[in-house]
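We just call them A, B, C and D in the order they show up, numbering each chain from 1.
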Amino acid sequence: MSNTFGKFFRVTTFGESHGKAMGCVVDGCPAGLALDPLDFGADMARRRPGQGKFSSPRKEMDEVEILSGVFEGVALGTPIALLVHNHDQKPQDYAALKDIFRPGHADFTHQAKYGIRDHRGGGRASGRETVARVAAGVIAKKILTQLDVSVSTHVYPPLDEEMLQHIVNEKDSLGSSVKCEIIGLKAGIGQPVFGKLSADLMGAIASIGGVRGVEISQGIKAATMRGSHHNPIDKGVLGGISDGEIITLQAHFKPPSSIGIGGRHDAIIAPRAAVVVEAMAALVVVDHIFASFSDTMDGVVRSYK
Amino acid sequence: MSNTFGKFFRVTTFGESHGKAMGCVVDGCPAGLALDPLDFGADMARRRPGQGKFSSPRKEMDEVEILSGVFEGVALGTPIALLVHNHDQKPQDYAALKDIFRPGHADFTHQAKYGIRDHRGGGRASGRETVARVAAGVIAKKILTQLDVSVSTHVYPPLDEEMLQHIVNEKDSLGSSVKCEIIGLKAGIGQPVFGKLSADLMGAIASIGGVRGVEISQGIKAATMRGSHHNPIDKGVLGGISDGEIITLQAHFKPPSSIGIGGRHDAIIAPRAAVVVEAMAALVVVDHIFASFSDTMDGVVRSYK
Amino acid sequence: MSNTFGKFFRVTTFGESHGKAMGCVVDGCPAGLALDPLDFGADMARRRPGQGKFSSPRKEMDEVEILSGVFEGVALGTPIALLVHNHDQKPQDYAALKDIFRPGHADFTHQAKYGIRDHRGGGRASGRETVARVAAGVIAKKILTQLDVSVSTHVYPPLDEEMLQHIVNEKDSLGSSVKCEIIGLKAGIGQPVFGKLSADLMGAIASIGGVRGVEISQGIKAATMRGSHHNPIDKGVLGGISDGEIITLQAHFKPPSSIGIGGRHDAIIAPRAAVVVEAMAALVVVDHIFASFSDTMDGVVRSYK
Amino acid sequence: MSNTFGKFFRVTTFGESHGKAMGCVVDGCPAGLALDPLDFGADMARRRPGQGKFSSPRKEMDEVEILSGVFEGVALGTPIALLVHNHDQKPQDYAALKDIFRPGHADFTHQAKYGIRDHRGGGRASGRETVARVAAGVIAKKILTQLDVSVSTHVYPPLDEEMLQHIVNEKDSLGSSVKCEIIGLKAGIGQPVFGKLSADLMGAIASIGGVRGVEISQGIKAATMRGSHHNPIDKGVLGGISDGEIITLQAHFKPPSSIGIGGRHDAIIAPRAAVVVEAMAALVVVDHIFASFSDTMDGVVRSYK
């Protein structure tokens, strides 16, 4: 029952991979933000399958329709409902899977939880669920742009295409990682003790399917470092609050579970997931910025006037 | 402003390291749970400083006082307020720090955020804040015991005492790690897509001071594995929902920031933080179990009757 | 930014009166509940304009489309997105209103808040917003039916048709009231101290446009009664918790603001709002029932097993 | 499990009437607000029993102790824990009540819900619970003062002392009402559609023990008015958003349930509840003001810089 993300900038997502549509409702987008359906194109393309040789051949245009909250190209301050139709439903591909649980998939756990599942595909557990995250992330990034904050991601370490082709040939899959950088965020953003900026970023990224590890700043390496070496290079978030420096995170993905079988599947997660990591990081940062406006009495007086 | 953790089993903490007291309010503890001030002793002792040779010599008994919510040894269903007094306040140790920002500490970021800070110590950023987490964790673990679920932690990899002594002698500090195991949780617990059990566990553990990396199941290693190898050993949480197997997590801590100076400080975080990781994991699991009671119509009818 | 209602059974609504569509996402509907688009027909018809002689002639079929969360007629446990298209958009009716604030309407306050508004109509402040509430309420009532709890409403006191016709003739409008009864709810439902069942019911009903007063049990009359008379008849909710008796509420609506002008408007609110009151009450009751499953340790053990 | 109020300015209360202490944790108080234990004296005195001839003779000084969140008289931005000890516990007065349910009290419903209760008094259902609300309200009102917003209440209609004495003599009790005025709030505050300022005020006031009806603006009277008369006088909140005019509310209380018996009880609720209504209204207004800071992109940019 946890399909809403955020407290001040709230995103509620919906949609099964083989249902009619995916979508989300963004509640808390400030009025006055310019917003156009075309804004979503670039990020949706980055997430889209079928673009690289190691990605699922499932092809969807993934055009984002704005159902509400925008009037004459400008956000009204009311909830923005975004819809992406599922054009490429081929349930017959999955008919054979009705009565079996695919190893490593969420089929079994969904069935255990709900006593029912949409066997046509992963349902909500499908990577397609991230369409809605990416759409919401576009809005978050547009807000951040106006505050001179940027969030960017890339596959890291870079892929060895030769090895990857080898793995595809063997119908196997491979783990992967994404690095995320948040640049330009001013010092003072974060909500200790349970809403530390670091923790919320890590938790948000960990909510992306397939993540098995998340690091911030020096990451796991810090566990074997000495303070004298670590102190000077531990930047970005201190005590859960931004320090004005670049914030660096890394997300580690498992190899996709679908191997050795037909269907439309990726051999590796990171290339398409990078934009999803970016979206989640942007959602967290916007939420935390909005939360910070009542940090001080001076700030409250200034914001209210 | 984020000092409340959880949605169904809610913990609100308070207290600065050099103020009068630390404490928490636990809202949502089921009525009928037996609860005694002595229940807290063992875990508070595990968290207490001054017990090992690499820990801060600050000594506090950390007795937990129950202010409300318990009547004749039994939880009433009303909020349980727990109080731990700060007996060992020695602000004079910190007087010199009034106008300087300690490197690697949250002094600077707190000042940047609030324009004010309790310079007597870390305030809310102090490790002492975790007293309240541990106290709440005791209640969560008592509930889990009745459901035959256990949460345990240990320092891993184990410490090399010789090297650690060497580091203490040099007034330096060292990074460290804690492993956590959740045993006995039935399949079907977790709240996709933003409240995945894995993500909430990782985010909760990441909210502990000094955490720079969190892993679940095969962790970061998964990022370099092939699906054919990873699938069979990826257990505990699938699609954000428990599968009935043991859940394994690992938290990685930076080396403590306080080095080369006087005062009462730890040379390493993990030994005292293990019980905090345990507490946070227990809080998450209880919260998720309670959330699961309305997963199915059958469950709703059974629970309501 | 508060377009989500509920904590355990969560409804997020969206849509402006003259935009593409109204809708909602219901998060937390138990898996296994049977659900069909036809289930919504009766209640949507009760809310629909143009059915009585004192209602707005705006006619819309208000068919509810299920976009997600239901598979082969059964709820999956995933978010249920419901969509109702706005077919009858006639913005030209409102063109004259672009630069004026209609007296008694939310035009001015929306403009003051957001610096922008959808001048084509009330936007989110329009009564059409309640389409989504009613749709969500249908699901809540289906759940309650399985628990033998019913929620019903009617206009009370009843309307004097002759007087009402007189008011319509004068292009004026009239205030009105709706009575709500919740029958069959067992004792023990409610979440003191801030989530009392009475308070949440009253607050939820007060969130319907045009409500200026809400009463429970003996209501305002209680303020002039003596305890010896009031005690025996004060039933339904005591201390914020249900007592197993019938719960009675009354909502009081202002006269519609649109008077003396053209356009499509109601002369009275209650006849169409009754089903909205019913929906809000049902949402609250379901939310509170789900919250009650972890009230006692015995209940927790029983629900978990 | 709902002992936390507010989303941005959050108050968590605890304490049973005959336990050790009452208290609350205020999370989200802006840093820099001056705060002293003496600030609470006046409002605690207004709430205190034993001050008038129609009030319970239970006497407590109700001194508020600040446990955390304030350093050298200034709020740190961290959670502020407030404690009020229960000095005047006389459980023997209530011993006879162990096995009986007092008519009109919450004894029965608490027992039905939790299977256990603190029979020494009302526990959380006691009017003493409001001590914590009043304490938190003091902080909220100090914030509002800096924004030139005031919240005030008085008993209305005024009491007829002669009749009241007559009722006390007969060991009976009487219903009563409190009027609340919010003055100086600028236009644009409120969070449609589920967090309308009107609805949140009404719901918050309805959460005070004994409330059976709540009105805003013209209140119930509006239900019998014509639009032509009502429109011009319907001020304060339109469409759930403040319009810059005075906001008027009225709360209607039942007669106290305790009649015809010994013990320490009030014959009427309003005189002591007025300050509680004031507190709840102030909490809502502060919460809504903080929520409004991200209403517009211009506001976001201004607040962030």
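By our rule, a contact is a pair of C-beta atoms (placed from the backbone, for glycine too) under 8 Å apart; a residue touches a chain by one contact, two chains touch by 3 or more.
Please read these numbers as outputs of a predicted model, since none were measured by experiment.
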Comparing centres built from CA atoms, which chain ends up most distant from chain B? C
Comparison of C-D and B-C (more C-beta pairs in contact): C-D
Roughly how many whole angstrom separate the Cα centroids of chain C and chain D? 26
For chain B and chain D, let me know how many angstrom lie between their CA-based centres, rounded off. 34
From the mean C-alpha coordinate of chain B to that of chain C, what's the distance rounded to whole Å? 41
Where in chain B do residues touch two or more other chains at once? 1-4, 8-9, 13, 28, 31-32, 77-78, 110, 113-115, 124, 192, 291-292, 294-296, 298
Residues of chain C touching chain D in their complex? 1-5, 13, 103-106, 108-110, 112-115, 122, 124-125, 129, 167, 172-177, 187-196, 198-200, 202-204, 206-207, 209, 211-220, 222-228, 230-232, 234, 237-244, 252-260, 291-292, 294-296, 298
With touch defined as at the start, can you tell me which chain C residues reach chain A in the complex? 1-4, 8-10, 12-16, 19-23, 25, 27-28, 31-32, 67-69, 71, 74, 76-81, 83, 113-118, 123-124
Interface residues, chain A side, partner chain D - complex: 7-9, 28, 30-33, 75, 77-78, 143, 146-147, 186, 192, 289-304
